[in-house]
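Structures given as structure tokens follow.
Both of the next two complexes hold chain A, though its partner changes from chain B to chain C.
Up next is the complex of A and B:
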């Protein structure tokens, strides 16, 4: 292959995509196993799992859009919206369970008042827990995170497809690069976070640096593979 | 948009709803994912139990494996052996279910025998009559997802560029993520801990104190599936069905070649509606349930 200015642009695009995934994971409100027992605020699953579920749904939407158009902005927006729909419907149906099956009001233990709605939080935190459910601030934060993940996935897929012209190969590589960045970010937040209002969110520069290094290495490997399948 | 592709989108939504429900019930019968941490802990805090215990991995990778296996077998049979699609999809799902059975049984034997020092037994009758139920639910999930992938690749007017196994892998990841985010709360937050006060999350002091007695006799995982089928499973199905249906609906109603920006605007509209609906649920839960009476702080409710 020829290593020209286009290759550098492709590497930069993959780098930006990886960084978007890494930072986006910090926005997703996941409470891990405690949240599955309504013991902590957020969605009751693992960070990487939810980020991967939504971001890769965005990748499906972006891949579909890329098969009919080559307009970068439409592809990116399609990826973000696809991921946002998946994240939104997941959190919405999760809210049904918290509200109608567990029967608990939504509350965050990290802030006294919800920054968006202004609702007071501590009186609604059940004794012996650190909050439960998905308050509006977490919902909005989760949507931002999911959409950043979808945007990042599309941003990784786009240059790979331009290089090798093989949708399957590009998708597999995009999934791989996506997961590496999501796992790095997950280590940074130690598995659980409530969203951008959580004090842990301030640690994002560490993940930014780590994801940048990982994405550069992965991008160098990815642009060298020019297909053949 | 034509009536045929709209019908296909509706069928995909229906298949996704069934896949979501069966995925969640599969993880409840087998006790997988996050709530299984309490099942695992129960024996260690002195509560040996008769609940199936198979945390093979997180739900998304596990379901991605079943769905991708089913789609890969079906794809091979369709392309290399020219088999009819329906038979190929059935055969693929059966192979995935066999994989699931092997993983489930080895996980059950491994996990329970490693807890021998806590007096946890390996119950062969549990293995005999719970494993087929787990496999059956995994069959339904992988069949539905492989069929969705088949429709997306071979039947829609604008076929998806990804091959069938990769689409199934991604939908498998998504259904696992939704199942572990939605349905597992019903199993972990409600069914495992019916011995605590209703209307709050699990107090940390009660960790591991899962309910071990049923309406008659000792509780097992089939009882848990019966309970979770009432709400957790259908809610998961709704979550996954909404994801698949809304995501494909907007690119079918609006032609992605000429009306792409309308399709994207429609997606943003759906997202805004979801935010408003969640706000409504939050408000109504606060109004109906009120603050906890034990709260002693200064902040007014």
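Up next is the complex of A and C:
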């Protein structure tokens, strides 16, 4: 492995990718088990599953784009859009179930008025719950989070592929970096979050610092691996 | 009462002892398998890699139950995925660096050292930056990272039959079997505590469950090994994996009956429970 200016660029790219993943997790409306029972706002599963889902879709989309072109911006855009579509369709189909099967009105318990639509929220929050379904603000926030995750995934995958030239190895290594950052970020939000309007969102600097340290260490390991050709 | 005897031995293992068994068992197992395979010029001893992974899995499952007993707020699967994420990076790093240095056989040791150090740092970050303040976080994350790495390495060896970086890349990564052992490893490390958690969680029941899931993982690596190493090596793994799963499933069921307030039939299945 020759250490030159490119190596530093690769390390920086992996660092930025890891940070995007870590911050993106904070945007995704994660409801966990309470949301699965329609007793909390958000998607009814854990942070890591959602982050991993959007990140891996982004990785796939970026990898596919990479097989046709080596333009960094196109690859990043493809990753972001792929992950955004994944997160959007998850929230959309989840909403159908909340709306038509569970029959819950979508309401956020963290804000009095939806910042985007301006609709009043408290009258629709069922007693004993912290909101239900995926209100507009959460949906928008989730889309942003998914796109950031996909962008991060693509940003990690791209330099890895340039370093070792092995798609399978780069993908697995990117998944590893992705999971570490996603889990650290999810620990920071302690389970559930509604999106960027949630008071918990203000904790993101902690995740930023933690993900920065972890990503640098991972990036240093990443530039040392070879494709084994 | 062979089952009872084994349960008695498993019931009161302290984490230090279990960590020692896990590390020594997995490293010695992987090296033993690699040496036997290369010395006798065969692949039938690949199954030892899958057995070695069980030691690592036991260590990891115990670390999960120790850390998650404090309540991390994000569900047990997150920490299992973290273990595997750190593990896969350590494996790739260790094998690649060992190959680049010219000492291919040092791979597992470099993997282990990197995994331990990196896991410890993640634990420090969790406590100092995220402010978890879980006293065993550093230790637990270090254990988890090493367990994830050694389990993945053991199963990778079971599929490829050698410890060579290029062979593992070709047989495990390029074929996509890595995805199977990734999830199987996740199941073996995170699922036992996730399935058994609660105020009546008992160490022996959780660990027996993890050995049982490792048996299923061994069946999976057996199927993969049939395609990469041939019928003899693969079938041996498959049969041993099935035997392990069957034996520990029976043991697990016995422990569930021991700890449950009552076990009643649902009326749908044949009334085999009393």
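FYI, the second predicted complex is superposed on the first by the 228 of 229 C-alpha atoms of A that agree within 3 Å, B and C clash if a C-alpha of one lies under 4 Å from a C-alpha of the other, contacts with A are read in each partner's own complex, and residues count from 1 in each chain.
Quick note on the criterion: a residue touches a chain if its C-beta (ideal position, glycine included) is under 8 Å from a C-beta of that chain, and two chains touch if they have at least 3 such contacts.
Fair warning: this is a prediction, and the values are worked out from it, not measured in the lab.
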{"item": "Partner chain(s) touched by A:52 [first = chain B, second = chain C, both, neither]", "value": "both"}
{"item": "Touching partner for A:173 - first (chain B), second (chain C), both, neither", "value": "second"}
{"item": "Greater chain A contact set [chain C / chain B]", "value": "B"}
{"item": "Which of chain B and chain C A:7 touches, first, second, both or neither", "value": "neither"}
{"item": "Partner chain in contact with A:105 - chain B first, chain C second, else both or neither", "value": "first"}
{"item": "Partner chain(s) touched by A:187 [first = chain B, second = chain C, both, neither]", "value": "second"}
{"item": "Touching partner for A:88 - first (chain B), second (chain C), both, neither", "value": "first"}
{"item": "Touching partner for A:122 - first (chain B), second (chain C), both, neither", "value": "first"}
{"item": "Which of chain B and chain C A:32 touches, first, second, both or neither", "value": "both"}
{"item": "Set of chain A residues, in rising order, touched by both chain B and chain C", "value": "32-33, 46, 49, 52, 168, 172, 175"}
{"item": "Contact set on chain A toward chain B in their complex", "value": "32-33, 35-40, 43-46, 49-50, 52-54, 56-57, 59-61, 63-69, 71, 74, 77-78, 81-82, 84-86, 88-106, 112-113, 117, 119-129, 132-136, 139-140, 143, 167-168, 171-172, 175"}
{"item": "Chain C partner contacts - residues on chain A that touch it in the complex", "value": "1, 32-33, 46-49, 52, 166, 168-169, 172-173, 175-180, 182-184, 186-191, 206-207, 209-210, 213-214, 217-218, 221-222, 224-229"}
{"item": "In the complex with chain A, residue positions of chain C that touch it", "value": "72-75, 77-79, 81-82, 84-89, 92-93, 96-97, 99-100, 114, 118, 121-122, 125-126, 129-132, 165-166, 169, 173-174, 176, 178, 182"}
{"item": "Chain B to chain A touching residues, read off their complex", "value": "33-35, 37-38, 58-61, 158, 160-163, 166-167, 169-171, 173-174, 176-178, 180-190, 192-193, 198-206, 231-232, 235-236, 238-240, 242-243, 246-247, 251, 256-257, 260-261, 263-264, 267-268, 270-271, 274-275, 277-279, 281-282, 284-286, 289-292, 294-295, 297, 299-301"}
